[in-house]
Every structure is written in structure tokens, then in C-alpha cells.
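Order of writing sets the chain letters: A, B, C, D and E. Residues in each chain are counted from 1.
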Amino acid sequence: MAPALAVEELTWRIGGRAIVDGVAFAAAPGELLAVIGPNGAGKTSLFNLISGLTRPDSGRILLGGRDVTRLAPHRRVRHGLGRTFQTSSVFPGLTVAENVQLAAQAAVSGPIGALAVWRRIGGPARDRAADALERTRLAHRARALAGALSHGEKRKLELAILLAAGPSVILLDEPMAGMAVEEVPDLSELIRQVHRDGATILMVEHHIEVVLGLAERIAVLHHGALLACDRPAAVVDDPAVREAYLGEPL
Amino acid sequence: MNHVRSLMRPAGRRAAAVLLAAAALYAVPYSTLRLPGVFDGPLDSPGVLQLLAVCLLFAGLALSYDLLFGHTGIMSFGHGLFVTGGMYVTTILVNHAGYGLVPAALAGLGVGLAAALVLGSVALRVDGIGFAMVTLAFGQAVSLLVVSGSPALTGGEQGQTLNAGAVPAALSGVRNTANLYWLALGYLAVCAAVLWWLTTSVPGRVMRAVKENERRVEVLGLNPYLFKLLAFVVAGLLATGGGVVYLLLLGGATPVVAGSDFTLGLLVMVVLGGAGRRWGVVAGAVLYAYADQSLTRLSGSASVAALPGALRGPLQQPLFLLGVCFVAVVFFLPGGLATLPARLRASKTRVGHGVRTRNGRRAQRAGSRHSGLSADASATQPRSPIRRSAPQAGPNVLPGHNAASSTGAAEEGVTPHG
Amino acid sequence: ASGSGNGSGGGTTAGAELKIGIITAKSGPYAPYGTEYLAGLNAGLAYVTHGTGAIAGHKIDLVVEDDADNPTTAVAEAKDLIGQGVTMIGGSVDSAIALQVAAVAAQNKVLFIAGPAATDKLDALNRYTFRSGRESYQDIATAGTFVGDLAGKRVVVLAQNSEFGTANAAGVKAVLGAKGASVSSVLVPPTATDFTPFTQQILAARPDLLFVAWAGTNATQLWTALDQQGVLSATHVVTGLANTATYPATGPAGSKIQFLAHYFTGAGGNNPVEAAMTASVQKAGGTVDLFTPDGFIAAQMFAHAVQTDPANVAKQIAALEGWSFQGVAGQYTVRAADHALLQPEFQATLSGSGTTWTAKLVKAVEPGAIAPPAPATPAWPTSGS
Amino acid sequence: MSTLILLTATGLGLAALYFLVASGLSLIFGLMDVLNFAHGAFVAVGGYAAWTVADHVAGTLGLALALPVAVAAGAALAALTELLIIRPLYARPLDQVLATVGLGLAIPALLQAVWGADPRTWTLPAWLAGTLDVLGARIPTVRFVLIAAALALLGALQLLLTRTRAGLIVRAGVENREMVAALGVDVHRAFTGVFALGGAAAGLAGLLDGLYQGSISPGDGTSLLIFAFVVVVLGRMGSLTGTAVAAAAVGLVQQFANYLSADLGDESVVILLAAVLLLRRRDLKGRPA
Amino acid sequence: MREVPAAEPILRVSDLTVTLGGSAILRGVTFDVAATGVTALLGRNGVGKTTTVKSVLGLHPAGGAIRFAGRDIKTLATHRIARLGIGYVPEDRAVFAALTVEENLRLAETARRPHRYDLVYELFPVLRERARQRAGTLSGGEQQMLALGRVLLGPSRLLLIDEPTKGLSPKYAGQVAAALKLVAREVPILLVEQNLAVVRRMARDAVVLDMGRVVHVGDARALLADPDLTNRLLGVSGPRTRDVNGSAR
């Protein structure tokens, strides 16, 4: 079976510096692959390339075996791609419910169907949105303006939007950043559930405990290049990874 | 935001309010009510009806502009070119090609549609202030075309009157000003209906999302460009229709509509009323159009003439008064007229909750920060009605301080660091 | 009377007030012209009513509205006035506004006497519309009388690329071209800030006569550029004399230009009407200028109309058509066929220095010499005379 | 040949005028994100202030006195505007725009109320009124003065912004006032300073526009504003060198297009703007989010 | 309760009340920051930690009293407070996105002082490499470093640091903690932090907030060693904190 997501020799340069440098890996369908690496290693940039917000200088990106390297971001979504952002990126002036319904509607009616002016939000989209809110435990905030949410709630809303769209390949950029300690286990559980439901997940996270608890494989980025891509145990024991990323224990 | 909140209100009450307003507006030409100080004559006098008709027309035009600006977050400086298009294409076809009024107007709409498609698909390739400038350039080009392109056809800076023969008797003559009034009212109704229909539809929702966060829309798998184009075309078409109505109100085409000041005026109306707020926009437009036409009267009035010289000079300049009005409105009515009811309500309850007014104001400040130049509908929302009563039970939701943070959190994304 | 239409409120009974609506610019860029016009109008009313303010027993009440140079406002004001029962309207500095108001007047069958607006299109526009000022054709024709034999001469028109400019260019071609001159034009875009390129175009055309038709505010710069680049010394230059405030604008170039003048102080040779106007305006604390006569003449025409019949528009039109009278600048005639106002114009020079310049009469041009061609058939069935 | 030189030199003179108006606009817009529609009014006020001086004191001395007066008038008006109107609205950029639109309407109307709608003539000292012969082209002396002034202004502003801390403070303050304050900097003073600086540039532009046209009228600055906007946008908002290059491009294109054909001249700037913007795809201010 | 430190506290916050958006965010917060070492300000999400810190800097209108080095600073403008020597690292970093890294640092320096960026560059070598890059294009972690570096340049007598290790890789988080510990030898720090490992390593005193009130003041290590207390106050069971080297396996 073709990998759900594969990148081949992906390179992105800016000002002569390779921010992402010949990265190649593949994620099998249903796999949860964590991407770790020091700050500035190029993790977010890699996500931007995969989701199409930036264009690579060379290399290819394959979604389910199909080359999407040249496609606009919204076209990639049609091939099942979804992502969250490192700093929350929601529609601040819409309510939580509207945020999620929008995503659901986009998924239900498709890119052209969403242009049908005679169509009202409702039916399947509404159910799907309600379901996503339920799963992220945001239902009670449905009517709040997204811009008015606390940091943690915004992160959950990001996830809810993602769930509503129902992508098969998910990119998560630091879902735990800034969450209070007590929130972390619940959020991990949610990600695990989504994973169990069959999605392929790529997750950037500095919260190493979470990474170790969830990931099936870990890819380590360093100076834009792939330093290692292996099972968690092997990666954590790799001296190079310790040197570059983990450092001395606190 | 608007409709979500209003949907929460009983639909019946809303419909009743709209119907009531429509009926009241419809009945104006039958009223002999005098409003001294506001209008010179009774409501049914031709001068007053003409003034009101222009106000209603501008309300419709402002709504069409608000579809772009308030609902989709794109600022066009070229909206007037569609009004110009509707006005001039119709006039030229009637006067120089011998068309009847209706076929000419339809042709004008067709031209407007085509122009909106072409210009939109080109100009929307850039965004933000770039889009504003490209549309400004297009508007300028049309303005030059009208003024100096072919004076024989357009009448140049003098414009041209519509052939009297082409205008149906019911629409000409002071006696029939009431019909013009109803025409303008109908135009406003069409604009309002289209806007309502569009903004409550799926693409309408996407347009608002585009305004909030265009990039995020892309990541939802939708192409923002198409939705912006849809908004641009609909707004352009409505404005073209407005041009035809304006033509009939004036009895002729005037290049005033092609100037950049005209579009700027639409922008001011929208902001004055409150971008993205339908009633607000209508009120803003009516007020602006009224002021624009009546300030000349005020400045020429006997009471001003009686003032001492140093005061009289400036006050006899309507533009001076208009300018000062802007500044005053901005200062004393931040967020536009649409926030007025909330403000009044707040000031009533101020005794009890001294802070609530400040809340409103803070929220607006913060909101407009988010969106840079584009007005932010959400920002002008009075937030108090959305008070949430979160279940204490929610296991994952910061047990214990929901109440404290419900409105508080509203401000979170809003601190200047945002 | 069928023609009087809805003018029932206009005051038909003797002794009642008679409202005359005036729509003109009191603010905006045309405000100075509007002020001149109003000063003339008031002087004219004083003259025709012998200071009583009443004509044929009707107290004249001027309702002055400011159009702020905005056609929308002007149309609303016209409708408002008509709605109030006014059957006589005057004014409009701006041709754009005059045309719009004229249309409203015709729709509602009320009398309209346009003010300073110069567009030729007001002629033969409709039977309700008259004018109290001159028209572009007369200006151009006046210039044509300055030069001797035009046959084989090159004439260049320098004008703004606008309706006013192109109309002038076309007018020159028609008037002077008919006398054998070859006419070309240099059109300046309204957006131009610098005139050097146009001076070069003019020089390249080597004209024998340069006709400048300019209505822009940056006149000083235009004349400076023409002077600096040697155009003024290379050819004869003719242009229209505007109001006194603009005299310094031509600056040092002033003495090198021949002016055609619609009017300037003293152009009428101080005939009794002109003297009355000057005295009256000065008494009111104003000064006589380019468009003061337009207001004065309008008052004379209104008075003539009211004396005929205060309420019957058809009769008023009939009385005005073909009426000939002594006015500020000389003899005026309302041509019945198209309502053109035949009148004298003048040739003048400017002399002075710095910011003080005065116009001097060179010669007066008779109305007949510059009369626009009359339509072969009247534009509407004339009410006779 | 001499025509070419003449058109180039006068085109650059025109460019200098555009730059003088646009620089202040660009400064305020680039640094503070305030699209100042009142800038044209600042120019006009500078012009009238200068004219009033020159009207009382003739000749070169009058001109020398008019210069500081124009600059001071522009700066003072701008500083007042910032203090009274812009500052209370810092968190509401849209309302700032609206307020400046209001000022842009009110101030010229006020000027007209005081000085009338008719242009006031400016009598230039003899050495300025003439032309200089360059290879057969008679180039008006004023153009050289304008070009020199524009270059001097460009240099001075450039130094001020890149070499001084003040520039840094303002650029940072636009993004996040609270944080700048938290670094111990009085950011409001810096903002007033920027506005005053923009106003000073406008005042200078007003004086030079008066010399250029040989007259002043209430609408002067406003009519230049649209070109100034075009220049600012072409010059990539707030970049001074960009503004200078854009001004030169607009001035020259307009001048030559006008020489070639009046129809071309009208549309040339519009075409230039549209073409450049469309070729230069991404939003001018936009960074990828 | 703990012993009062010998020296006079550098910052005394008493009965601080803040109302934002119509709701009381702080309701009578009282605590001291010792003149030496690190004082941790702890609590769940949204309890008012950031609000407290910002109020000290005069960024929120507040009731109550705030004394810094014996002086009442509540009525002062923010820039005046900062000039008294209070440095601030906001939780969202607030680097100036349009300015380069170097310009960000230059701005933080007070005028008429020799360049001291080398200090910062030594601590965060990445920043030297990025000196001419716009701060807005830095990675999340790099921005955090810049925000920290910036505050170290000023002549501070007290640092207010809000969640410095958020978004940092474990290695940098460790380095930052170490660096701050060094800094704390000279300048007292009020530290807001979610990473309890960092708190344990650095802080001597701890103040815990809940719902806008101080619910605990005491020795930091003692607090973190007490599973009941941490569970009740911070929602964490026992000293299970983030250990960076994967020892949780």
C-alpha cells in the first residue's frame, strides 16, 4: 500500500540557507509519527511545505501516492490533508460553533459546493460539528467568540476544526505548548483516539513525555536535515539526538 | 456575528421588525408630517422625498459596499466605477443608440456583471492595500474615461441628461417624486435581501471566515479567491443597479460618481454605521447622505449668517462641517451607529455596573486591532448578551473559575500582544 | 393656462410674495463665481424694482440654495423648490449642474434662466431654459475677430482634455476654420501637473495663433511655462479674461496676451445700466467682476417675465423669446429660435505689475458679429413674438 | 535632444514634488500604519503659511523666512493632529483613517473660508523665476530647487530612521506599544515626533509646491495626494528609497507620456500602478502568516 | 509559613484588584518578592498570573498598592516603571516582528551604553547567526530566546518573566533555566512557569494564585514536594513533573 504521506528529498532555502534540507521520510497509513528537533530545526517550515503554504525549491510531496508538490493549499486538503498551527489560528470573530461548522461544511459540500449561495449551513455539517465539539469537550463554549477563548481552549478548537474536516492525514504543530500541566493528559488522550480512528498523524511536540507516550516512530530534525527516524527507544538513546535536542536532564 | 445573534432572537420578532420598518418606509409619501429643523417641508413634499430617495439609494449602495468591506474584509476604492457603469451605459444606450430605458438598464447590468468578473479576477490577485490601490487605479481609469475619454458620448465633466422621451411619465416630474422614492426603496430592499440571503448562506459564512483569517480558509480546503470573487461580483452587480437608479433619481448621468471621493464616501458611510452591521450601515448611509445634502443648507442658513465673521467663515463651508462631523462621530461613536443601542443600554445600567461601558469600548479597540484596516464586525458586538453559563461539571474546563473567566477570556485574544 | 402646470402656489394674486429660486454655488471651488452672480442678481433686482423689491405688486422673495457644486444636491434643491410652488429658477455656475437643473425644469414646466454656465448645449435644450450669460461659441468668435486674415494661418488650441476643453477646440475649428485657418489642438490631461511637455508640442506645431481655453486652477503655472519656454514670444496668444482674482495668475505673461472678455469692470462704457449695477454692488460692499452681469441680466429677465404674467409660464416664455433690451454690457437679445442670448463681448489687455493688474478695453465686439449660428428650424414651436 | 533633456529634467522636478509629498505620507504610513488622508491638508497649510510670509516680506529674504515658517506650521499642525485626534484612536486604525478623512475635508474648507477659493499668486524672486540653459534646454530654476530639496530630505530622513534610535522605537512601537513602554521608552513622544516629522515634510512640500505652481489654492495638497498615494504604494509602503524611486518613475513616465499623447498621459500612471502591482504578486505588507 | 527574609522585599504587592472586561480578575492579591533569588508565581491556566505581572508594570488599571524598592509605582506610566529597573518578558514573547534580531536587541539597550549583545549571543548563539533576520520569521523557540535576551540587556533591578520555557526544546529549556539561575544571583526574579521541573530547580519562594486570590505562599521546594498541596493547588498529582530526558518510560 502506498504510504499515506511521503516526502522525497524536500529542500527549502531562504537567503542561501537551507531551512529544510533534503528531508525524506514516509508515514504509513494510520501511523503516528512524531517530529522533534531543537528550536529552529525547521519543523514548522516542514509542515508549511507539506500543507502548501510555502513552495519547496526541490523535492516531492506525495499524499496517498499522489504528487501534490505543485498544488495550492486548498487543493491538498481535498486529498485528505489537515493541520493545526503552532500559534493558534482560528477565526476570532466567529463563534466556536461557527468555526467548526465551517470546517464541517467545507468537508461535506466540497470546494465547489461551498460556493452554492442557495445552501444554508445545516444537516450533516451541523451534526459533524457538534460531534467534533463533543469530542474536544468544547460543546459548552459553542456560542463564545473564538477570539475570546483562553489559550488552552483555542488549542482544542484547532483540534475540533480539524476533526470536523475529517482529514486522513493530520499535521499537529506543538499541540501541548502553553497548556497547563493538568490539561496535558486529556489532550494526549484525544490525539490517541483520533489516531485509533485511523488517521495518519504527524506531530511536532517538545513535550517529550507526550511524544514518548504517543509516537510509534520519531523523526528528528536538526539544521533542517533528518538526523534520525526510528522507534522512540532507539531515538532517545541515540547520543546525537541527546546532544542536539534533549541536553542534560534538568 | 450579526445574524447568529439575531437568530437567537425569536425569528418572528425579527421578521416583524423588518416588516414594520418596510411598511413605515413605504408609507412615507402618504404622510404630511412635518419635522421642523430636519426637513424644510412635509414628508410628502417633492424636495423631501427626493432627499429621502437619495438617502435610501445610498443605503443600498452602502450595503453593497459592506458586502465587500464588512463581510469579506476586502477594501475596494473602485466601487464607484460600477455605479458609473450602470449610469453611463444606460444613458449612452438611451441617448445615442435609441434603446428603451429597460433594455438599456439590462444591458448596463450585463456590462456591470462582465466588468466585475474581469476586474475582480485581475485585482483579487493582490490583496490588502494592494487590492485597494489596484481598484483605485481602475476607478481612476474609468473616471478619466468618463471625463475626457469621449466627451461627445459621455458629456465629459458636465455629464448628460437622460433623453426625456425615454423616461416613463411615472418617473418624471416633481409630482411623481414619490415613485422615485419607491424605486429607491425597492432598490434598498433588493440590496438588503441579497445581502441577507448571501450572508446567511454557506458561501457567505466562508466570506466572513476569509475576512477573519484567509490562510486558515485555505487550510480548510476552500479557495478564498473564489469567495472573494463571488462577493466582488455580487457587490459590483448591486452597485451597477444602484447606478441605474441614481440615474433615474437625477434625470441624468454625472461624473461625480466616478470620482474616488464617491467610493470614499461609501466607505465612510459603512464605517459610520458599523461595518458588517446591516442596520448600522443603512443608518450610516442615510445619515451621511442626509448630512451631505443638508449641510449646505445649514451652512447657508440665516442663523449662521448672523454669526460674527471669524465663526461665520468656516461654518459657511459645508465641507468643513462634514469634516468636523466625521471627527466628532469617530470620537463619540466608536464602532459606528450600530453600537448606539448597546451604548444606550449600557449607560442606563451604568449605575450598577460601572465597568460595562468600558468593556464595550475595550472590546472594540481590541477588535479593530486584529484586523488592521478592515473593520471587524465582531469587535463592535456588545458582548454582554453572550454571557455563558458554563457547567461546573465539565471535567476538562478549568474547574472553579468559569464565571470569572467567561467574559474575561473574551478579551484574551485581544490584548495588544495578540 | 396649460403651460403653467403646477404653479398654482406661485402667488397669482397681486400683492402676494413671489418666490424665485436660485441654485448656485456658495461653497466649493465655484463659490467666488456664485458670489459674483448673487451680487449682480441683487443689484439687478434693486434696479428693476427701483429699490422697492416688488414687481407689478408682487414682493420678490429670493430663495437662494447652495449647490456646493454637486449635481445631486442641485437636483434635490430644484425639486424641493418646485415642490414648494416656485415657478422660476435661476443660477448654476457649473454647466454640469445647469444641464441637470434644466432637465428638471423642463419636466416640471417651470422657467429656468441659467447663470454663468457657458456650455453651448444650453441653447435649444428645451423651451423652458434660457440663459443670462454668454456661451463658449461667443467667446471663441470674439477671439476670431482679433486677427485679420486667417486664411492659411496655423491656429493651435491649448485646452484641457475635458468637455469644456474639447468643446472649445471644436468651436475654434468651426469658427476660425471657417475663415480659412488650419486648426489643431494640444489637449492637456486633467491629471497633468507639469506643462512643459505641452509647450514643446506647441512649439513643434509653429502656430500663428495660440488659443488658450483654460478653466483649471493652476493657471499661473501654465502661463509661466508658456512664458519660460518662449511660446508667448513665438506667437500671438489669445485667451479668455477670467475674474479679477486671476489677473495676477498670468503674471509677467499678462502683457503678452490678448484677452477676449465676456465682461470686466467698465467694459460697458459706463452706460446707465452698468453704472446702476456698479453703484448698487459697491453700496452692498461688493465688487463688480466677471459674472456680476450674469446675475444682473437674470434679474432683468425675471422682471420681464413677472411683468408679463406672474404665474403663467407659457406667457413668460413667449414674452422672453425675442426680447431685446439694454443690459450691462450693451444690447442683449433673447433669440427666439434657440434661446441663445446675443450680447456684445470685448477685447482687452492687462497691464500692471506684481499682484495689481487692470484690464483695459481694446474694442467691443458687436453681438451680431459673434452670434452663434441659429438652428435652421426652431427647436420647438416658438410662442411667437 | 534638448526636448529630451528638458522633459527629463522637468520630469525629475515633478518627481521631486511627488517625493516631497509622498515622503511624509510614507513615513507616517510605513512607521505608524496610519493612512493619513489629511496629509494633503498639511501640505496646503504649509503652503499658505509660507505664502503669507512671502506676501509680507518680498524677495529672497521672504523666501528664506517662509521656509522655517512652512516647516514649523506643517510640523505643529501634524503634532496637534497626533495629540488630539490620532493618539486617542491608536487602537482603532479604521477610525484613524476616518478621522483623517474628516480633517482632510475640513482643513481645506477652512483655508477657503479664510483665503477664498481663488488661487493666490506667489511672486518669485527674480533668480528663481527664470530658466537655466542646459544644452539648449531652458529648464526652470525652480525645478532644480525642488530636486535639491527632495534629495536633501531623502538623505536627512534616511539618516534619521536607520541611524537613530528614534526610528527603531517608532517601528517597534507600531507593532506593540505596551512592550516598548515595558522597555522603558516613552513611545507616545516618539509617535508625536514621527507625525511632526511627516508634517514638517508636508510643510516643506507646501512651500515648494507654491513655488512650483507660482500660486496656491486650498485644494493644492489634496490634488497631489492621489499621486502621493500611488508613489507610496509603488515604493513598497514606508521604504524611503523605494518612495524616491517610485516618485522618479511616476514623474518621468507621466512627463513623457504627456508629451507623446494626452490620452496616454492621463492613464499612464494608472497603468503603471496596476502593472507593477499585478506583476509583484504578494501583498506589499504581507508576510506569510 | 516561611521566615521573612532579612532584607526588605524589592516588590510589595498589596491588595491588588484588577477588573477586566467587567469581571474581577484579581481580587486582593498580596505578596512580596524577595530582594534576592527567584520567586515563583504559580497557578492553573487563567487564574491571573499574567494579569498580576502586567499590573505591576502598569499595563492594567489596578486597585491596591504596589511598592517597588520602597516607592509607590502604581500611578506611574509604564515606561517610567520600566526605567526604575523592572525588566519584563511577556508570555507571548512580543518580539518586534518587523525589526531584525539585532534591532530588537538594540532597542532594549538603554542609550549611551556600550554594546552588550555579546552577552546575549553567548547565551543563545543561534541569535548571532540570525542577527540580520526579521524577528517575525524566527522559529517559536528562537523568538523566546530573543525575548529573554532582550531583557538581560537592560539595567534591571527586578525581572518579571512569564513562562520562559514555553515552546523551547528540552535542551534549551534546561539552558534557559540554568541561565536564569545565574542571573538570579544578581537580580531578583518573579517567575511565572508551568514547567514545575524548572520551578523546582530555580525558585526559592512560591506564590500560588487561584481565581484571582493568593491561596498559598511558602517555600517552593516544600510546596512541590507535597503531593496533596500540588494536587489541590496546581491540579498535578505529586511531583510528577516534566522530566526531559525521557525517564518516564
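Just so it is clear, a contact is a pair of C-beta atoms (placed from the backbone, for glycine too) under 8 Å apart; a residue touches a chain by one contact, two chains touch by 3 or more.
Computed from a prediction, not measured in an experiment: that's the story for all the values here.
**Q** Just to be sure I understand: the centre of a chain is the mean of its C-alpha atoms, right? Then which chain's centre is nearest the mean of all of them?
**A** Central chain is B.
**Q** Would you say D-E or C-D is joined by more C-beta pairs in contact?
**A** Contact tally favours C-D.
**Q** Measuring between Cα centroids, which chain is at the maximum distance from chain A?
**A** Farthest from chain A by mean C-alpha position: C.
**Q** Between chain A and chain B, what distance separates the C-alpha centroids? Give it in angstrom.
**A** Measuring from centre to centre gives 40 Å for this pair.
**Q** What's the distance between the Cα centroids of chain B and chain D, rounded to whole Å?
**A** The mean C-alpha positions of chain B and chain D differ by 31 Å.
**Q** Quick check: how many Å separate the C-alpha centres of chain A and chain C?
**A** Centre-to-centre distance between chain A and chain C: 74 Å.
**Q** Which chain A residues reach two or more other chains?
**A** 53, 89, 150-152, 183
**Q** Out of chain B, which residues touch more than one other chain, so two or more?
**A** Counting only residues that touch two or more other chains, chain B contributes 144, 148, 215, 316-319, 383, 398, 405-407, 409-411, 417.
**Q** Among all residues of chain D, which ones touch two or more of the remaining chains?
**A** Residues 109, 112, 176, 178-179, 263, 266, 289 of chain D touch two or more partner chains.
**Q** Which positions of chain E touch chain D when the two form their complex?
**A** So the residues of chain E touching chain D come out as 57, 59, 77-79, 82-83, 88, 90, 94, 96-99, 103-104, 106-108, 110-111, 134, 136-137, 150, 154.
**Q** Where on chain A is chain E touching in the complex?
**A** On the chain A side, the touching residues are 15, 36-41, 43-44, 86-87, 150-152, 174, 177-183, 206-209, 212, 233, 236, 242, 244-250.
**Q** Would you tell me which residues of chain B are touching chain C in their complex?
**A** Per the touch definition, chain B meets chain C at residues 40-41, 45-51, 54, 144, 147-148, 151, 155-162, 164, 172-175, 177, 249-252, 254-256, 292-293, 296-297, 299-300, 316-319.
**Q** In their complex, what parts of chain B are in touch with chain D?
**A** 122, 125-130, 133-134, 136-138, 140-141, 144, 148, 215, 260, 264, 268, 271-272, 275, 313-314, 316-320, 322-327, 329-331, 334, 364-366, 368-369, 372-375, 416-417
**Q** Mind pulling up the chain D residues that touch chain C in the complex?
**A** Where chain D meets chain C, its residues are 3, 6-7, 10-11, 13-14, 17, 109, 112, 116-119, 121-123, 129-131, 138, 140, 212-215, 217, 219, 224, 227, 254-256, 258-259, 262-263, 265-266, 269.
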